[in-house]
């Protein structure tokens, strides 16, 4: 029923307060999120009609995950309820030179063990115009991969735009496994969201020039990759390649290149002091989908998407709780952080 | 190396603050505990030299569980480190007519998947005088059951006293499975800790009279069960049967009967306003083990064990952080709660 | 679009932590609720398709109120967004002999200042079967009273069942004002929810016998009131009269009588240790509406409604987050508070 | 400058959250209080012009103690600033059968080490009508005892009413030391606040009959003590004897007897569910001082004082933050705990 | 009675914890503050005898505001108690590129609705030497503007020094309204606190050169404005113009220029990493008032005022809890943040 | 029994939450630590067998300190239990230009009042290879100084390596007292940990060149000091001199020089954004001890030690909870703070 449907797993995220280490934690902050769910949440907070499809246990912990989606206005009516457990990940937020640390406990989740036939794609895609998934979903196991493929095929049959964020996770599968699987899914993809490193390691495509970061960002490598991607998968409509550089443990540069089929543009680069890095890529994805669905010109679109990703770094939790106005203000150049009163 | 060794699983317990429901929780209190670990913690806090043996993942969440044991002075040197996950249970603390609720996520834990040959019982029991386990351990799967049996056999060979708390958990196995398994382990047991209901449902033994609770507790049914238990398993040295009655959602009666081989006694009954019910049975077990190891006469022993269990209801978390002095004061009759200043 | 629509104001509730007094509070717990919104939340958590109609400011505090409703699955699509402020009430939770205290700051809320013509009742009631409001709504001012009357009239035209909880609030209007207004609304009401005191003070009807409370509750007064109410408003289909008695500052008795048109029954009486009293009447209303819509026989219906109200006392916040299974278990007699594991 | 001056020590109180044990505490709640300071706070919250005199370190922890007094409207202009440390006590709040526990770390506090000549009693008592101290003050050491004596003598010279709460603390001195000291101070006292046990153990006076508690409180023992006290110290104007009985760990009975010189009365008895017992005696003292200063008749006075003490049990922290209206409502019989809205 | 009196509104500030967004907040931090109240608090913490005059409701939320002032040693004896509500503002603290956000709910506050005749200026200014107000006070409505004017006139009659912080708030009134009103009040002002932007937009005065910020701050524009201000309002004794520049969302530059009637000086510029920006202007005002009242030479005075403002950015809440020693250390150049031990 | 023994005092540290000032604190975070205890904790978390010797009260606050050590795997079996109080220090964490502030309340602690004869050094050093102490220990008083000397002498007799961190604390003793004492202890020291300033002020040794900090760190001054130190105390085996520079209130540079007897090396310099500065020197000491005991070559050793110190700045609390892997990663150059997933 929703205009946009995202498919994937939603997990319970448990984090010590502030900068505490796991072994110091007497309590965990509770957040429910996951790559594709975060995209749905971001789009819904942009005022779009977004839904999420997955399999989530019937018990109260599963219900809390569903409630978090509903709270953000995401349509949950297509979620299958059942299975034994919600995937969990423990997140220790780093500081300065100490990196954030993730301990995964996501095996055997309800979604990872779901059967392909449990999903009725005709019903899921009823009234839908856009389908989004990321490389995490097919990485969750054979069943999840099949479910992902079925969804892509069903979407294509209904002429639904398909976007894919490559999103490689080394703890879920090897580069070889990921490369093979993602190559098999690429023919369904209209909008590809990735970065230079993923394109190289999964698809073996070399950029014309090395990735150079701030202060002189060089996007020519990105452009050469777009050419190669389009040659291999000519159905590709739009390609977005993000670029992140580390200044210090707490600070990053973030920008992106965009080939919308009519030309190649890139955003300005933002220096980011990070509060919570998780979900910034998903906020970027939500940003580009919003921009495309609302017919933004290329330059405006990529600035909006990057600003959406940048802003997410200042928000705790997985989901991007941003308004279009806030993203536009940043995309338009106001990053002063002045009190609005 | 420790005088007392307990075998079992230690889990991560996650609870909403106060009386919050799961769906209201923005944070979870973090506790590490489990039936047999709680007994080891309780004994160590009584000043006894207690150790715990299990298999716990190497990662930081596993380390936090080990740290909790070390913090309480429990010897952790015999714990095997490895495996993927720590069992988890979510606990919603009830109030008044609303019962506490547990959502288990303990399948496939490092301990449940441990192989029997990973345990070197000669080393574990080096210098040991007492071995404790509960019915939860063999319920965790075939491997765990075998590990439990191996431990019992090794303990017996070394003339170590074996105590067992029947502790039936309906979400882990059926009454039939449990009855069969526990019957096969009973020949190793010297000290049995149970209650009327468990003895009936697992061993099929009927009490001479129905369990009558406060204000006129009738322990004659317990006495008749002791006779039957001794007849079936003549090696049994001591039998302890606890008795709990519910007055209201927040209030219970708690007492126990004790057949120490020389006679039958029972404790006085305590009315308990419950802060945290989890682990009270384990505190009771720790109490009776302490009393026996320190040569308490029967009446004093059972009053001490019951007071230990009663006191635990006032302590948050799984572990019983009580001193011998505190338990003795309550066993001796001071339940006034007067400020100690 | 929802089967059930409730009309009213949703407020921001600010409470010191635990039992702290206002002057001791360095932080406030944040809850969004209100009489009729609580009924919608309760029904949605029972699995019913419930919606809420009101006027709520567009700003983030207003959005947070909408999110709380969405989180609980309440349809918010009919809410008008606009106006300047959300009503606020400060709640200090009492303990023992110290009563809870409310400081209201609800004047000039977006809903209280809403114009009757802003509401399109045809759209609101599209597909609706049941309309619920309480005496709080018309008490909010002339506009709100007119909106309430419009809603009643529109509901009647569409043959929608109308339920009303008298819910007199002395800080909003006088007994005379309330009596006059509620009498003018009664002709629209099918299901009346009230208590002896309200019926007497608003409608001037005397019970045949004084209200006698635990241990010997006497419901004959209730029965005589039902006769009088039906005589005055013959269109009344069902009448529910709750009865509450105070045992101590922390403890109440709660029960109810029910005249469903075919006979007069009453529930058993529950002794309640109160965690949060706010919203218990609304949970009772949600319970009786659920029971009627699901065709429960009279005795079962009133036991369900009372159990729903009783259970709410154990839940923090305004909204009743209960499942049908939990309410049924308590209605069926299990108030033991035993851990469910 | 204040009408009422209290002399004593104010301490930093550190308590684990809720019912946590000391060894479980990752944070301590911070409260500043002490017997006589609590009386000043209570009187100020009743709208009286109360001051506190002591010696408090200049550093920020000392300043925080001063701020707490100022926050409650207590005049702090007569406090001497200096010395090295504020006395500390650690308080673990008990639950059910587990008693609250206090670990004192109050030795060598700024006040305990203050020199008598640091205090200018003429200035302190300028405009003063009432002087209050308790048995804790002279127990703090030779200096404190002398300061206390100096204050009493100066007060008497200025015709200021002197009230004394015997308040024996066994961890500060022996019964013999306390008895000797308090006897030497009694000639200065106009209003004596005590209980049967203290009068017996410090002054060796036997009640005519044993203290009998709820349900049949017998105050005849109190009356006989009043006769003996007046015989020994004929200058005594008024005598108040409180009476506390323990029902369970969480519940107490509390009442008091009062000989105001014209007759002997006693209050009704209150059953109290205790949230925080510390400071309830001080709230009782504040109550009787308020009642006397405002000319309450004997029965009304003792009911007010007892209600003030009872209400304090429901308030976290040392200080009694109660209004005259609240105390009067309870003294007048409303202990229903009904929400005030 | 106090040497310094400030007039204005004190509000309840509600903020999500840390960097949480409004829609993520399950609790709000509670702070009581407001422009002029913050100045009084700052001066009192500098050891000055400062008071605050306003109208504040009698209820507990109002009392908590009064308590916060008392806690900081501010004289509250001249505050009028009454009216229905305390103004509220919701503050979401930004991070990095995400600006802080304020939602105001201050209409119809007790102070905004106060009547001019409720204030007895003779009594308020008894013993007073300095009167401070800001542009927020007359912006609160016709009554507040009149009260402000009355206060100015009364102060002038008593030869009290009057300081005014222009403090324009665009959500309270238009630039035209503000300009007209502030111009009418300027003849009463001895010490003007403002910045270039306000002077231009309210008074239409153009600086000789554009405001240039770090690294080469150019204060010549400020100097030219001082000349114009003195020409228009020759009674002006001292003029302080602050200057703030944004480096990033979290970082600002802050400095100020000062024309004390004998010459023109400016402070060095501080780079600030901001913890809480609210109240930094008020801390700056408190600093310059303190410096003038204590006869600091011009250069020392402006360095002190700027350091006071700078330090406030590191303190959570509205009020500036700084000591003279701390401000002097920073003014003197120690901004190293080394641990003081 | 442990391979490494550290001697010193462990204290209770009490800190307001986050950046709160002392006077704003309604709760304190509770941490147990102290210079030498932190070194033992750091070494144990590196997997070394470390113990701590001290005197700690028997009460629960003392027990909590012992538990913290046990939690981190530190051997506490040699700690003497007794005495009245644990030393306390209050820590206010600064921000930006506002420095952190410490209020000490450590006088008369159990350790400071311990008698030299209470320690049985033969037993303490049984099986020990390394003894560590810092300049804080002998600064605690005559007894503590004697205990320290006894320990050094006993260690030397057993051929145990002795390391000493000069660690001068100006609030404990004067430079003269410290210089005299530390000079008398130097003959026992094998491994000296210090910085230029301490060597100069305590031993009167002048560096060949001034300390120059980032961006061009000049370690030639350090080298000249090593020559002088070795000349005075030829038994010195290794010398480590750390170097810290302040960039802003929140940011420091940190590096170190190392003369291991075979040559002189220095580490690279790290820019640190500080979360908690306390204990970073101790983490540095733990690092160098670990590196030496594990036979690291000089360059690798000093990089490891510095990385250990750097990492500690990102960890809240006194103790360094770091793994060897984490320190190595940073020593090896990865300070990017990238999420590890």
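Side notes on the structure shown:
By written order: A, B, C, D, E and F. Residues from 1 in each chain.
Operating definition for what follows: contacts are C-beta pairs under 8 Å (C-beta built on N, C-alpha and C of every residue); 3 or more make two chains touch, one makes a residue touch a chain.
Here's who's who by UniProt: A, B, C, D, E, F = Sugar kinase.
For clarity, every value in this text was computed on a predicted model and none was experimentally measured.
Chain centres computed from CA atoms place C at the largest separation from chain F (Sugar kinase).
Set side by side, the interfaces A-C and C-E show unequal numbers of C-beta pairs in contact, with more at C-E. Distance from the chain B (Sugar kinase) centre to the chain C (Sugar kinase) centre is 45 Å, each centre being the mean of its Cα atoms.
In chain C (Sugar kinase), the positions touching at least two other chains are 18, 21, 23, 26, 67, 101.
By the touch criterion given at the top, residues 18-21, 23-24, 94-102, 104, 169, 171, 246, 248-250, 277-278 of chain E (Sugar kinase) touch chain A (Sugar kinase) in their complex.
Across the complex, chain C (Sugar kinase) is touched by residues 18, 270-275, 310-311, 313-317, 321, 326, 330, 334-341 of chain D (Sugar kinase). Chain contact summary for the complex, chain D (Sugar kinase) toward chain E (Sugar kinase): residues 67-68, 70-73.
Interface residues of chain F (Sugar kinase), counted against chain D (Sugar kinase) in their complex, comprise 14, 17, 21-23, 25-30, 59-61, 63-64, 67, 84-86, 88, 90, 92, 101, 103, 105, 107-108.
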